[in-house]
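Okay, so subunit A shows up in both of these, paired with subunit B first and subunit C after.
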Partner chain A sequence: MKPLQNILYITKPGAYLSKERETIHIRLEEGPDVKIPIHGISGIVCFGTVGMSPWLMGFCAERNVAVTFLTDTGRFLARVHGPMHGNVLLRRAQYRTADVADQSGTLAAAFVTGKLYNCRQALLRCIRDHGETPALRETEKLLSDRIRTLTSVEDCDTARGMEGDAARAYFSAFPDLIRKSDPAFAFSGRNRRPPKDAVNALLSLFYTLLVHDVRSALETVGLDSAVGFLHKDRPGRPSLALDMMEELRPVFCDRLTVSLINREQVRASDFLTNPDSGAVTLEDEARKRVLAAWQKMKQETLTHPFTDEKIAKGLIPFIQARLLARHLRGDLDGYPPFLWR
Partner chain B sequence: MMVLVSYDVKTADIAGRRRLRRIAKTLEDYGQRVQYSVFECSVDPTLWVKLKNQLLKEIEPLEDSLRFYYMGKNWKPKVEHVGAKPSLDMDGPLIF
Partner chain C sequence: MLEADFLPVSGMQHMIYCPRQCGLIHVDREWEENRFTAEGRVLHERVDEGGEQEKSGVRHCYAMPLKSLSLGLFGVADCVEFHKIEKGIWHPVPVEYKRGKPKLIEADRVQLCAQAICLEEMLHTEITEGFLFYASPRRRETVPFDAALRELTRQTAMEYHSMMESGVLPKARYRKDRCDRCSLFDICQPKAKSARLWLQKRLSEDLT
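Take a look at the complex of A and B:
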């Protein structure tokens, strides 16, 4: 099994990254320079005004290190990547499958099944640990109903419709997962661009980080992250990465958001509200803490339900990408979504 | 796995100082300098073979010495740091 490699996050404004022999040389406005050997790094995520030498970008492309630039609030700006990896036959198989309605519908249904299953699992965990509420129980029932009907779905539009419905129900039960009564963590549905409350700010940040990871996992196995099944093609949109994220969001992002709040690892004072736009963002020190929690979460180990291997959570996107590639090549009858236990 | 590399190079002449510099640079590519002539390298076995070969090419066996301490995978409880220059945990969150 490939080891889980580390991701380098740069959040200090004015930092400049360059290549020095085999290392990433980080110059900070304050404090000593840092050199980090590139061999243990699988990605670099830069927030805000961070500079990077073209030479280092080229080096990262050559070493298959994904580089993503985000605004200081965590919105996606740009991504640098090298030549496509893997082989063209796999990509052709992917495009052909995406063009056949019932095949792509079956795959879309698989992603949605994974999502609903994992959302339901998140609710069940809360019921087990803290007792049930009417909203939790009701949504749990609705989700398990939908999971059953999904097995016969073969077209994308039905899958999309069910996904939308279920997501609405899930997010309406989401406030019950949060055990803190602090009004700063009140949640009344998902909003974004920009997120308007603390919970949405955390969710949005984690979704952005997950896109980075899933996208580089897909591209590492040679798939085209822009051609999806559940999400329609749109210029600049990593549709396949968004497809695969659906099933991983509850496991990676939602769960971490809830536990950061419940364990009081983030507090109301960690969030800043922009008076003009109403956008809520994380204050610098708190963002570091949140990023550290994200990295730590990826190192937790679990047993993958399909391959039965003991792995770090952060490798799930790679395993799912590989399983999808095997299915598209015809080595596997269906795509097994990641089902959280 | 974690390998601790320490070196001692005779720097009486120009050739010696050149060897010292080149060994330090090679080690910087793969590991973290924790003290002046001590590096911690977190490498997989293939990379280690490569690194070791590069180091062996640089030294003059009659004058210099290299020591490799193989710390294995579970090395963290075996290391304690006291005083200045705390090291960076390369496997932990890397946030700057």
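Take a look at the complex of A and C:
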């Protein structure tokens, strides 16, 4: 498997990126310029007022380096991509499968199975480390029950319904995963656009980063990230990326959020609340720390449950994308969701 | 056949090595570089610059474009040597450069023979032999283009075309001598199992 490459996060306002031979030249408003070889970089994520030359954008497209622009609060703005990758036959197979109800239903159920399994795994880990609470045990039971039912589900609406119920139950047990009693980290359910508390701010940031990674993994293997199975097509929405996100969220985002808080790597003072909108965001220095933690988490190694390869966690989206492509092309008899151990 | 349906000659050696590898590269457009392919690429940088050179009755033509109507192939020859027969008459001989030592020699021979058939059609001549040049040990090997090799080449080209037309890749089959050194091993996953059985088994084990 290819080595895990780095994603360059540019968070300094006013930074300007350009191409200089084989390197990315970063000019900052203050301080010396930075030059980074493009070799070893698989993506660039720019936050806020960061500029980039068209030559560098073209170079990134040619080298298959994903470039994404986000607002300084992490909302998606734009993405640069070059010619389409991969195989037109694969995309046709993807569209055909999406049009057949029971085939797309089976896939939708597989994504939800992965999600519920991994949510349950997150609860079990907490029970193992810190003992059980009634909410954790009850939700764990509900999830097990749903996973069993899902094995025979072949229609999208049923899969969607089960996903919704299970997500509500999971997030109602989520506060029990957080071991800090600081009221700054109180959590009463998922909210977004904008996130209204510290926990939601972290979850939203990590979901945005994960969409970016999953989307580029899907497009690297030649899939169309806009045509999903669980998520219906909607212009401008990366539905397939959202499908695959479901099973990966607990593994990448929820887990990191919980452990940053429990290990006191983030504190109440790291968060700012906008007095008008109520939006909670990370203060600059803290965001840098959080992004570093995200990168570090992706370097952790594990054994992939289906392929049995030892890999860096950050490669999971690529392997899952590849497995999905193989299934759609008729090379593999089903899609094996990532089951976390 | 439309000229747009012509296939690259380079796919012929992949077809012989493993039709699935050929499908992954040419149908699925996958390409993963490993040490072997990187060394091959560096070796080719010299010859791909193109140009001509003449030395003691042999003219070397580098990066020569090739095409065959009967095989439906196109490509570029590393090097075609033109040997001087008499004043004004030069005989073409294809030469292919390979890294390392001779391995699966049949693949290299078929690729060379396909190049020869292209040259025969393009230059209205008959070519009886060509050379394979292996970088270690630095050694060139003469390949006679006999009836058996020509037949294998035509057969391979036909199978190559029918796979490309159907877009269906042959199923993966693990073969130790080939798979372990293939740069597409991780993509091909010749040892992969059934996803359905795996999922059923994992869920029934973990949910009890």
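Quick note on the criterion: the second predicted complex is superposed on the first by the 341 of 341 C-alpha atoms of A that agree within 3 Å, B and C clash if a C-alpha of one lies under 4 Å from a C-alpha of the other, contacts with A are read in each partner's own complex, and residues count from 1 in each chain.
Here is the rule we go by: a contact is a pair of C-beta atoms (placed from the backbone, for glycine too) under 8 Å apart; a residue touches a chain by one contact, two chains touch by 3 or more.
From a predicted model like this one, the values you see are computed outputs, not experimental measurements.
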- prompt: Looking at the overlay, does A:A292 come into contact with subunit B only (first), subunit C only (second), both, or neither?
  reply: first
- prompt: Which partner does A:F306 reach: the first (subunit B), the second (subunit C), both, or neither?
  reply: second
Message: By the touch definition at the top of the document, which applies to A:A61: first (subunit B), second (subunit C), both, or neither?
response: neither
Message: Under the stated touch criterion, which partner chain does A:G222 make contact with: subunit B (first), subunit C (second), both, or neither?
response: second
- request: Identify the partner contact of A:R148: answer first if only subunit B is touched, second if only subunit C is, both if each is, neither if none is.
  value: second
- request: Classify the contacts of A:I26 with the two partner chains as first (subunit B alone), second (subunit C alone), both, or neither.
  value: first
- request: Return the residues of subunit A at which the contacts from subunit B and from subunit C coincide.
  value: none
Complex contacts: residues of subunit C adjacent to subunit A: 27-29, 32, 167-169, 171-172, 186-187, 189, 192, 194-196, 198-200, 202-203, 206-207
Message: If we count contacts the way the header does, which residues on subunit A are in touch with subunit B in the complex?
response: 3, 6-12, 15, 21-23, 26, 28, 34-37, 39-41, 288, 291-292, 294-296
Task: State the interface residues of subunit B toward subunit A in the complex, per the touch definition above.
output: 25, 28-32, 42-44, 47, 88, 90-96
- prompt: Tell me, which parts of subunit A touch subunit C in their complex?
  reply: 1-2, 85-87, 89-90, 110, 113, 117, 144, 147-148, 151, 222, 305-307, 309, 322-323, 326-327, 329-337, 339
